[in-house]
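Naming follows writing order (A, B, C, D and E), and every chain is counted from residue 1.
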Amino acid sequence: LPAIAQDEGPIKVGILHSLSGTMAISETTLKDVMLMLVEQQNEEGGLLGRELEPVVVDIASDWPLAAEKARELLTVEDVDVVFGCWTSVCRKSVLPVFEELNGLLFYPVQYEGEESQRNVFYTGASPNQQAIPAVDYLMEEEGVERWVLAGTDYVYPQTTNKILEQYLMDNGVASEDIMINYTPFGHSDWQTIVSDIEAFGSAGKKTAVVSTINGDANVPFYRELANQGIEASDIPVVAFSVGEEELSGFDTEPLVGHLAAWNYFMSVDTPENEEFIAAWHEFIGSDDRVTNDPMEAHYIGFNLWAAAVEEAGTTDPDAIIETIVGLEVPNLTGGMAEMLPNHHITKPVLIGEIQDDGQFFVVSETDDLVPGDAWSDYLPESAMLDADWTEPVMCGNYNTETETCGGSSASAE
Amino acid sequence: MTSALVIDSLDLHYGAAQALRRVSIECRPNRITAVLGRNGVGKSSTLRAITGINAISAGEISFGDETLRRSPPYKRARMGIGYVPQGREIFPLLTVRENLQTGYAGLKHSERNVPDYIFELFPVLKTMLNRRGGDLSGGQQQQLAIARALVTRPKVLVLDEPTEGIQPSIIKDIGRALQFLRDEKGMTILLVEQYLDFCREIADDIYVMDRGEIMHAGPAEDLDREDVRRHLMV
Amino acid sequence: MSKALDTMLYLNGVSVSFDGFKALNSLSIIVKPAEMLAIIGPNGAGKTTMMDIITGKTRPDAGEVYFNGRTDLTKLDEAAIANLGIGRKFQKPTVFESQSVWDNLEMALKKPRGIFSTLFYASDREDKDRILDILETVRLAGRKDDLAANLSHGQKQWLEIGMLLAQDPKLLLVDEPVAGMTDAETVETANLLREISKTRSVVVVEHDMSFVRDLDTRVTCLAEGTVLAEGSLEQVSANPTVIERYLGR
Amino acid sequence: MFRAPFAFRLLAAALCLLAGVFAPIAVSAQDNTSQIRELIAAMPDASLRELEEIVSSLAATGNTDVVPVLEALGEGDLYFNEETGDVVIVTRNRMYDPVTEEEIAPVGETDLSRIRVNNGLRRDIDATIGGMTLMADDPQTRISAARTMGASPDEENIPLLDEALAAETDPAVRTAMENARAVTILGMPDATLEQKRQAVPIVSRTSGGAAIVTLRSALNEDTPEELRADIESAIAGLEQERAFWQAAQNVWFGLSLGSVLLLAAIGLAITFGVMGVINMAHGEMVMLGAYTTYVVQETIRQNSPELFDYSLAIALPLAFLVTALIGVAIERGIIRWLYGRALETLLATWGLSLILQQTVRSIFGPTNRQVGNPSWMSGSFDFYGLSITYSRMWIVVFAIVVFAALLVVLNRTSLGLQMRAVTQNRRMASAMGIRTPFVDAMTFGLGSGIAGLAGVALSQIDNVSPNLGQGYIIDSFMVVVFGGVGNLWGTLVGALTLGIANKFLEPYAGAVLGKILILVFIILFIQRRPRGLFALKGRAVDA
Amino acid sequence: MITQALFRALDKKAIWVVAILLVIALAVPAANLLIPPGSPGHVPNYLVTLFGKYLTYAMLALALDLVWGYCGILSLGHGAFFALGGYAMGMYLMRQIGDRGVYGDPVLPDFMVFLNYSELPWFWQGMDQFWFAMLMVVLVPGLLAFVFGWFAFRSRVTGVYLSIITQAMTYALLLAFFRNDMGFGGNNGLTDFKDILGQPITATTTRASLFAATAIALALSVFICSMIVNSKLGKVMIAVRDAESRARFLGYRVEYVKLFAFVVSAVIAGIAGALYVPQVGIINPGEFAPANSIEVVIWTAVGGRGTIIGPIIGAIIVNMGKSYFTGALPELWLFALGGLFVFVTLFLPKGIVGLIGQWRGYSEWRNRPAPPSDGAPSGEAHASDLAERGENTKTVTRAPQPKPAE
């Protein structure tokens, strides 16, 4: 039986990130952290007495290539699990492959939600674990009444902003107090937009910017903010895609006080985190390197998977999918991350202010862990949807009103 | 110094095709040497070998005491070989003035000017200094090409069909000018020409080529010999 | 316009200037069917510019240009003009360098020029014979399969003449055909053109007076973009201004 | 909005302190020093809410001695010693007592922890300091105090402002104070009609969006008719003015975007425009220039931080040299085999660009590198109704200088002439005695070097990452082609036109659609002028 | 006449290519489906899809070569036609999902439900019909090429100017398709396909059929291109490439010649895109990225421009290299790929195909004395030497050279 032969070899861990192209800037670190986690696990004796072997591929920020590489990992390399992707389009493009070949994908980045797939585990935040709490904070703590929703023109910002817009309106914000602005990927000239924000913010009401601006465009955006003198005390910017790694690209002194909402900050003071950072610095060979939220997501994802493997006693995807739900592993901020039936996890939500050393100072933290919600409650078309990959529902988009499982999975049964 | 420019047994190939076979020419100093021959016999190829534009596969080119075989064209130009190519090869986007100034490259700073006699010879150029070379008429370009070569103060002037496309009165002027350059400026001149009357008038020595080979060498008077003329017939 | 009626080429009051420089200045020229006109004139007189105007390369600022009595050439583009039956040999030989001598001629051959007629064209005996004929005439038969790029300067001139012949135009514009040719070739070219001019109209520009003499036809001398003198070669070359400005002493 | 450099604020604070010593108020201040010390000592253990209370208590002492400590708190310069609990102010190179300002012998850094603040607290501190510094000696401090009051109007400030105005002689400060006072009055429900009517022209004097907002919010149902008329006409006037300045501001944004495009494209105007090399590695040259800046700044940060403000001046020649040398190497190694085969240069330089990107990624890592703005490149100033950031302004100036220099090199020097000659006819140029290999190498080196210079400038506004060049390569080609290949002026006008057009479209169409429209515009424009804006005409071209 | 043209299309080289492709079209699916996994000769599913993808790339490269190699139009926007064909197919596949989407809407694709579309936008109408979608696959790229080409060629936009506006075109489309409001799924594009023509898209038989269809389509494209370039029209195309204005003076309507080549090429590219999408399972705006189109140019150059087989070989080799290196040398593969491009330009100026001709000329060349070792002419000499040593056929010995400073 091939299964036995397989059990003797190493357990293969696929790492599917962009090491070149536009996304390399964010994803290379995730590849490194995965290598570190695998190495650590091997030092502890591997899993099920077998060694782990990382298999790294470069998807080169090219999404059809990502699908090809996913297929290669699952069929040619026969990996047992894959950790990968950053962008939603990457996930979308590999998802059919994981479904077809029944693989396992751990996806570590905050995303727009509206998805739950049997073979995918979402260890990043869904909108209710990041965006909504951040807006709550601004409303309550900073008394913000006027909102700029600025984002890069793609699905994650569009969806998040749609959810936020609905949420703000539900909270009594008038539509003229919401300004929505989209920019292309890699936008580098922010003069007009920043001055528009300034003008919008000088209407006498406390104004804040909710930024879903993606990776590369952030540096010029924040630089323009600083140069045009928009200070956090006037118009705070809260970002969902700016972490320690993005901040390490520029001088944060003029940006002190701007905010970010994540589920992890490097500055969080817990023993687990301290250990993680120390290990990271040692692994990467530099004390200057930062850690960030998606790295923690991989940390959690990897540990959840490892726990599931130990518990199930096999790496068989079906077994893992069954076992992993309900497992808990510690996160780096002092709590436990639980894999929920909808394949999302529980997370604390932290709001941090940028400090002049490029770190965040946590100014707010949810009291409880927030369970990730696959289908937003703030959107009419998904409010009644639910995901549950345990018996008896076994469905990624279960309609609680009609009590049927919609779409693809229904017919797949 | 007995001779200014000697080429000895040149072979030249274009790819696999041989264009020149053991071509030897000796240009006596202060003389005008003319090379004649029908279309495609290798006249231009010979000149391009001398200027270094085409690489030769065998033979030797020497200029004074120097051998040129391995020198790139700009070194040869700086040694004193001035070249007027067939088809003019004006720098089309440079103005007439700038076209002339390209000849300054190998000159000392004090020499960087256009000798007056050039404008006397080609007055039209003076009126067109700011026009782009490419806009000139064919004949004007030809005049510019000759002028440009003279700016480099050559010791040997190599001209490929310099009268092509030039109006009769200026051809006469060019003839007089070449003689002037030979006599007054001590230049050695190597000329490829189809225009027999012109050659007869100004050349001292002639070489006649056919199919990549030198078929005849001798004084200009030989042009009237029947056996020589036959090489020029169709 | 009415004056144009029985002409092959009719230029009246044509002017063109480049950045203020008047290259043609109210030029008027008439060529009748089956007539040859030789044009001489100093360098820069505007001879080539005149051909540019006839073939649609340059648009005149003013003046009339008619072909065959009625077709206004100033309204047409190069391809349309060529298809009317006006062929041109350029002063600087321009051929399709990366194609063989044969293909150059085949493309020039007078045949439908449409997309689908060229796509489905198959050369017949007649076409091949015609090309072989022309190859003989221009003495390139031995090099028919060589790339045009590998021809010498003079051979390219000949190829261009060949292409002009292949087009079989009603009006031939020939710019300096004998530049770079030996004397013997010059004579032959003159014969060739004379032969052609029995059925076609030909405009020849040349600086070679012996060639012009061999053409034995009407001569027009241009200078500064306008007609300086007209008549037989003897008449024109006796004109003192022509001597002064063109022939020299 | 003007952000005073930090050192300057510190000076202001120190001056305030001096003022405090000599001012009459100081007499009473003496006796609450111990209270201040107590409050400060409580800071390390306080929560954010408690800190807020401490700040207001400190303010309540009315003692200007607290200004430095508040400043430091707001700036994040206030630390406490973890062992002793002593609170100290730490700036880049010194550490001192928050009250006495006496230097303290440095302790190991690990023993110090910062007292954290958040935005809310920072705002409180600003307001507090504003109130306390209205009478400061330094006019700039007084102006910013007045501005703070104007930004958050509070009835209680009126007496303070009146007092200050009575003593104020500096016209600029007076203006600011009068404005703050007028803004406050307009917002006061119980101010008299007369007071309000007087306030209207004062508020509208300052122009800008804030004035309009103030005036608008002064309007409500029961605004008296006369006042309403006053306000409405003032608003109308301001709106008009604003429309004008908005347009002017757009032009400026356009110019500054244009100058960025110009810088990015101008090296390409040499390697592509003059030499005809389809140089896909141009963007990587820009990137290498930016990394040179990074290396220079890193070296300075490590070795002599005081030179930081000169980092760009040092980086410029170095970046030019580094990229020019790489350019020369590329030309000698690869490009020179490809002359006359322009399209092959596309292939080779594309390969090169991949290699260069990956090399940089291997050496410096894939993430952004930190390149800072020297102080003279930070912040902004107001020029009439325009807000101009220093970084953009210097980039505009720099672009113009580079352009002019290049123009001189190309058109006025013999090297420039030789460059053009060589690219138009390499063989003939050589036959004229021009050392073509040298000229080729110089030309490519120059184009690359200029790309490197552009990299230094772009490092000031954009990411310094291995992808930096990719972001500019397409735009650069668009600019060069739009302007007309081979024409430097075309590149200039092309860059500025595209920049300005972009900035005028952006407010209406949004950044994405704006960009699409620009591209469509380029496509259509090229139909009209198939050889670009500054097309070369005549025979010379199609010859 | 037509039969003659067809006959001519199958010249020595083309007939081999077509034959090989047809054999592949049969053999690979057979080896995949009939030979059981594990036995020698079995072609795994993974390779079937992978090579299916390469063949669509080969088609795209061939399409580009028709306009670039033969007609001198360096299109830096050919990816746009490919992507448009792909989107048309993607729309069909999207509509085939029916009510199996996550929101279960019978008509609207998920992303539309999510973006509050109340009904299908007009341009999605009819895309549920296979024949209509296939018509669009051909028509949309063809029409865009026609309109774009009509204006550009009539305005005599040439050389780099044309290249750059084609790049602007694909860039503008990239930005437009990124927009969520366009109704094409924003940057996520179209994905999660279920069936094609009623067959499950992930089924092995479907995969094998798609592969066969691609190989046949490529064979057909080769046939069509070969017919064009071997005709007199092909010669005129080369004439246009080398001396456009001279061709005009001969009476050829240069703009129509170019337009014809451009439209045919765009249609081939569109069909390639349509075959690509079901095999990779996603179409997203990234396909419009200018860099993608440049890559196509590079495949063509690597293989050998101005030949029929060159672009096919180039596309397959470069992409095989990419597939291999991104797995084997994930951190260094760009060095390998970049190095390959530099190497090819320097040492194989006529691409891989030219290598053969070069070998033939090698012995002759070896017997020649070396050209001068240093100095200016070497660049020229080198280039022309290689050109000479290469094929001595009458087609394309020289590349069309846009003049530098024009």
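The rule is short, and it goes like this: a residue touches a chain if its C-beta (ideal position, glycine included) is under 8 Å from a C-beta of that chain, and two chains touch if they have at least 3 such contacts.
None of these values were measured; they are calculated from a predicted model.
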> Chains in contact with subunit A and with subunit E: which ones?
Replying inline: D
> What chain lies farthest away from subunit E once each centre is taken as the mean of the Cα atoms?
Replying inline: B
> Among the chains, which is located farthest from subunit C on the basis of C-alpha centroids?
Replying inline: A
> Taking each chain's centre as the average of its Cα atoms, which is closest to the average over all protein Cα atoms shown?
Replying inline: E
> In whole angstrom, how far does the Cα centroid of subunit B sit from the Cα centroid of subunit D?
Replying inline: 61
> Taking each chain's centre as the mean of its CA atoms, how far is subunit C from subunit E in angstrom?
Replying inline: 43
> In angstrom, rounded to a whole number, how far apart do the mean CA points of subunit C and subunit D lie?
Replying inline: 64
> At what distance in angstrom does the C-alpha mean of subunit C lie from that of subunit B?
Replying inline: 29
>> Give me the residue numbers in subunit A that touch at least two other chains, ranges are fine.
In response: 19-20, 153, 184
> So which bits of subunit E are touching at least two other chains?
Replying inline: 175, 178-179, 245, 331, 334, 375-377, 405
> Out of subunit C, which residues touch more than one other chain, so two or more?
Replying inline: 18, 92
>> Quick check: in the complex, which residue numbers of subunit D touch subunit B?
In response: 414, 417-418, 420-421, 424-425, 427-437, 486, 536, 538-541, 543
> Which residues of subunit C touch subunit E in their complex?
Replying inline: 55, 57, 77-79, 82-83, 88, 90, 94-100, 103, 106-108, 113-115, 118-123, 145, 147, 149, 163, 167
> For subunit B, which residues are in contact with subunit D within the complex?
Replying inline: 51-53, 72-74, 76-78, 83, 85, 89, 91-94, 98, 101-106, 132-135, 148, 152
> What residues of subunit D sit close enough to touch subunit A in their complex?
Replying inline: 1-3, 48, 76, 116, 118-120, 122-123, 126, 209-210, 213-214, 216-217, 249-250, 253, 256-257, 260, 357-358, 361, 365-373, 378-380, 387, 389-392, 460-467, 470-471, 502-503, 506-507, 510-512, 515
> Which part of subunit B faces subunit C closely enough to touch in the complex?
Replying inline: 14, 17, 38-41, 44, 86-87, 124, 131, 135-140, 142-143, 161, 164-173, 194-196, 232-234
